[in-house]
Amino acid sequence: MSKISDLKTVMDRIKDGNVIMIGGFLAVGTPEGFVDAIVEKGTRNLTVIGNDTGFLDKGIGKLVVSKQIKKAIVSHVGTNAETGRQMNAKEMDVELVPQGTLAERIRAGGGGLGGILTPTGVGTIAEEGKQKMIINNKEYVLELPIRAEIALIKAYKADKKGNLVFRATSRNFNPLMAMAADYVAVEAENIVEVGEIDPDEVMMPGVFVDAIVLAKQPAIDEVKGGA
Amino acid sequence: MSKISDLKTVMDRIKDGNVIMIGGFLAVGTPEGFVDAIVEKGTRNLTVIGNDTGFLDKGIGKLVVSKQIKKAIVSHVGTNAETGRQMNAKEMDVELVPQGTLAERIRAGGGGLGGILTPTGVGTIAEEGKQKMIINNKEYVLELPIRAEIALIKAYKADKKGNLVFRATSRNFNPLMAMAADYVAVEAENIVEVGEIDPDEVMMPGVFVDAIVLAKQPAIDEVKGGA
Amino acid sequence: MNSREIIARRVGQEFKNGNLVNLGIGMPTMVANYVPEGVEVTFQSENGIVGMGPVPPKGQEDPDISNAGGQPVTILPGGAYFDSCFSFMVIRGGRLDITVLGGLQVDEKGNLANWMVPGKIVPGMGGAMDLTVGAKKVIIAMEHCAKDGSPKILKKCTLPLTAKEEVDLIVTEKAVIQVTKEGFLLKELGPGVTVDEVKKATGAELIVSPELKEMEI
Amino acid sequence: MNSREIIARRVGQEFKNGNLVNLGIGMPTMVANYVPEGVEVTFQSENGIVGMGPVPPKGQEDPDISNAGGQPVTILPGGAYFDSCFSFMVIRGGRLDITVLGGLQVDEKGNLANWMVPGKIVPGMGGAMDLTVGAKKVIIAMEHCAKDGSPKILKKCTLPLTAKEEVDLIVTEKAVIQVTKEGFLLKELGPGVTVDEVKKATGAELIVSPELKEMEI
């Protein structure tokens, strides 16, 4: 059962008002082809979960500029002035979450946990409205799981069953998000046959993946030192 | 700064009464050389955290037979009759923890979390004495982190900085335990130079590892299909 | 056909194309041999493997490749290994379609007891508590009665529970019984078994399905 | 030597052999250039890299290898990559020796504010809240005063906090100040700077160390 799909099939799943996770860290490891296709499609009122809102012309930032995001749940927006403008003008809602907490909340959503207790954010705005608990004389904030309807992630290599390999720091949030959504679409730089990825090399088993789309631009293997 | 060490140095760290995590799953991926050395040393009153108590002659079971364990925190003891006997005779204390919860508790201990909420064990003995919480209309048990003074783990390959690669199902609890102890010693089947393991191939970065000891028996690479 | 084969064959029929399946230790492991033709399922085991293949021929075992029972297995092309924490994220995270487990007792609320008999045998729960809570469908594969002939399918479990209200289906050599809000629904009979025989061997009320039939195995 | 270089040089002296260090975005990143000779430290960045090497020569950047500021970096032999969740387990889990961050305000309890100015600029906390809570030693590397000359080292922070009571050391171009239970301890002066100058530029009481000396940079 091959999971190879195409951009149109993936885009057909994305509707106005969806909650979408998008991988990447300051646009490193962001599935730019998927982002461009959403911009083109013009889907509106999206809730987007990601590490940051990228740049005006790169990463999640393109969806900010095109005003398709109703709410962003991210750890950082400082590299995209338009996010700040829309946030101040109350055109977009931004929930800022400490980066490690964001990662753990996505993981909890993916792993069926009801939440995690983290020391991060104690005594700051980040704890506001949240339950706090003292465990072994130390204060922790209870952080709740996040899931999405759709996760759009980027991989370096995928086999046709959806087993994924990420590369260098483009891994970041991608494997976490692949676990935490009802429908997971992967933009892969390389697609290989089943059996070509060693079982110990797999970073995300295909059981979490629903659709694989070959990235538009071919992998620049001269730059990346070969597959 | 090489972390290559020897069995004696690691054993010198282990004292009566220590809390020790030992990797492996029914003796697959257990550092048998370390276990044998503890038996030989005769350290007593140990608290041992592991997936199971192995067999009479394999894995953690050898420490049960030699009566060196005061308390075992494990998910399963059914493959070692001596554990059952000592448990019933109240010679050893056994805390049974659901396997997924044990894994998450060790991870929480390693990652600085105060605990996690899991649906596992709700309505069973496993929830007794624990706080329960309702999140989004679903019941969860609050499970607390576990750490150890020492973790003894098994790796397939280590470089001299302690970067580790595990193999097949011998991975199991080993990487989790490597994060959750004050002193982490690795029994490695193969030791290679720094730089020989690709940064994307590393399953556990060396920052968590304190000592590496070459496994006594050479890797049976014919059986294992080569390094 | 012996009881175990009847059970294993019938459980295999529950698998749908593309399912991710976990088989418990013991009899459930046998089900791997009875996946219906044309159905492709992926087996995972909680010790950290997905895409598990059959037991290797004698002499070709790899000491690093085993299932959760510690038995040597193989891995199929497209399989993957991972650590124990990740393994249970798959299990609890909603991607595991079916878990097949053995049982000591199941009651009409769907409660399961299969991990200890106080004072007698306490093997531990292993991964069973996580599997029952996590899998979309929990199938209990067991002989209908205990060795002493006493019923294992009860109004209320008397042994310590593995999971509360998680069992979906019970498959024995005598019957296929679904756990419903109204109670146990008897859907199929074992080869040559009568409704009365099932009722006598069961310690709870049974609703007999209007579509009751004999297992087609 | 300009202010930034003074600060970066002095922070580098805090590194001990074998330390695992995280450098924040901006000025803290400069510290990588001033690790004292003979001291071997390992740099990690929260986007998922340990064993980070210097910025690559122009034209040799790899688009998949960057630091948490999005800048191209390299990886040294013995380095490793991992996902964001794992990255913060390293950070919160007790294996990160030092984090060097910039600051808007630090107060005498060791509170830090460095992630927003309400109504003006709200870049977000990124990984700073986790880093301050997780690292064994939190060093704030910043210019002593704000651009308008107002003090950033205060009795009590007025901006929203990044972390409560986590700062260990402040290094500015004018002074090295340790956060102690008794308050700010002035330990070292910047090149040519007097105690009075530091006091004037600081919005909190300073305890002058009996061993006060000029930075040796």
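Chains here go by letter, A, B, C and D, matching the order in which they are written, and residues are numbered from 1 within each.
Just so it is clear, a contact is a pair of C-beta atoms (placed from the backbone, for glycine too) under 8 Å apart; a residue touches a chain by one contact, two chains touch by 3 or more.
Because the structure is a prediction, the values reported are computed rather than measured.
Undergrad: What chains touch chain A and also chain C?
TA: Chains in contact with chain A as well as chain C: B.
Undergrad: Going by the touch criterion at the top, tell me which pair is linked by more C-beta contacts: A-D or B-D.
TA: Higher C-beta contact count between the two pairs: A-D.
Undergrad: Among the chains, which has its CA centre at the largest distance from chain D's?
TA: So the chain farthest away from chain D turns out to be C.
Undergrad: From the C-alpha centre of chain A to that of chain D, how far is it in Å?
TA: About 29 Å, centre to centre.
Undergrad: Using Cα averages as centroids, what's the distance between chain B and chain D in whole Å?
TA: 35
Undergrad: Report, in whole Å, the distance between the mean C-alpha point of chain C and the mean C-alpha point of chain D.
TA: 55
Undergrad: Just curious, how far off is chain B from chain A if you go by their C-alpha centres, in Å?
TA: From the centre of chain A to the centre of chain B is 32 Å.
Undergrad: Name the residues of chain D that each touch 2 or more other chains.
TA: Expected reply: 49, 75, 81-82, 88, 91-92, 133-134.
Undergrad: If you look at chain A, which of its residues touch at least two other chains?
TA: 104, 107, 112-113, 118-119, 166-168, 199-200
Undergrad: By the touch definition up top, name every chain pair that qualifies.
TA: Those chain pairs which touch are A-B, A-C, A-D, B-C, B-D.
Undergrad: Per the contact definition, I'd like the list of chain B residues that touch chain D in the complex.
TA: Touching chain D: residues 1, 107, 110-113, 159, 161, 163, 179-180, 194-195, 199-200, 202, 205-208 of chain B.
Undergrad: Can you list the residues on chain A that touch chain D in the complex?
TA: Per the touch definition, chain A meets chain D at residues 25-29, 51-52, 74-79, 84, 87-88, 94, 96, 98-104, 106-107, 118-126, 156, 166-176, 220, 223-225.
Undergrad: Once bound in the complex, which stretches of chain B touch chain A?
TA: 104, 108, 112-119, 133, 135-136, 138, 140, 142, 144-145, 165-168, 199-201
Undergrad: In their shared complex, at which residues does chain D touch chain A?
TA: Per the stated touch rule, the residues are 45-49, 62-70, 75, 81-85, 87-88, 91-92, 111, 119, 121-130, 133-134, 160-165.
Undergrad: Using the touch rule from the top, collect the residues of chain C that touch chain A in their complex.
TA: 17-18, 20, 40, 42, 44, 49-51, 75, 77-82, 88-95, 133-134
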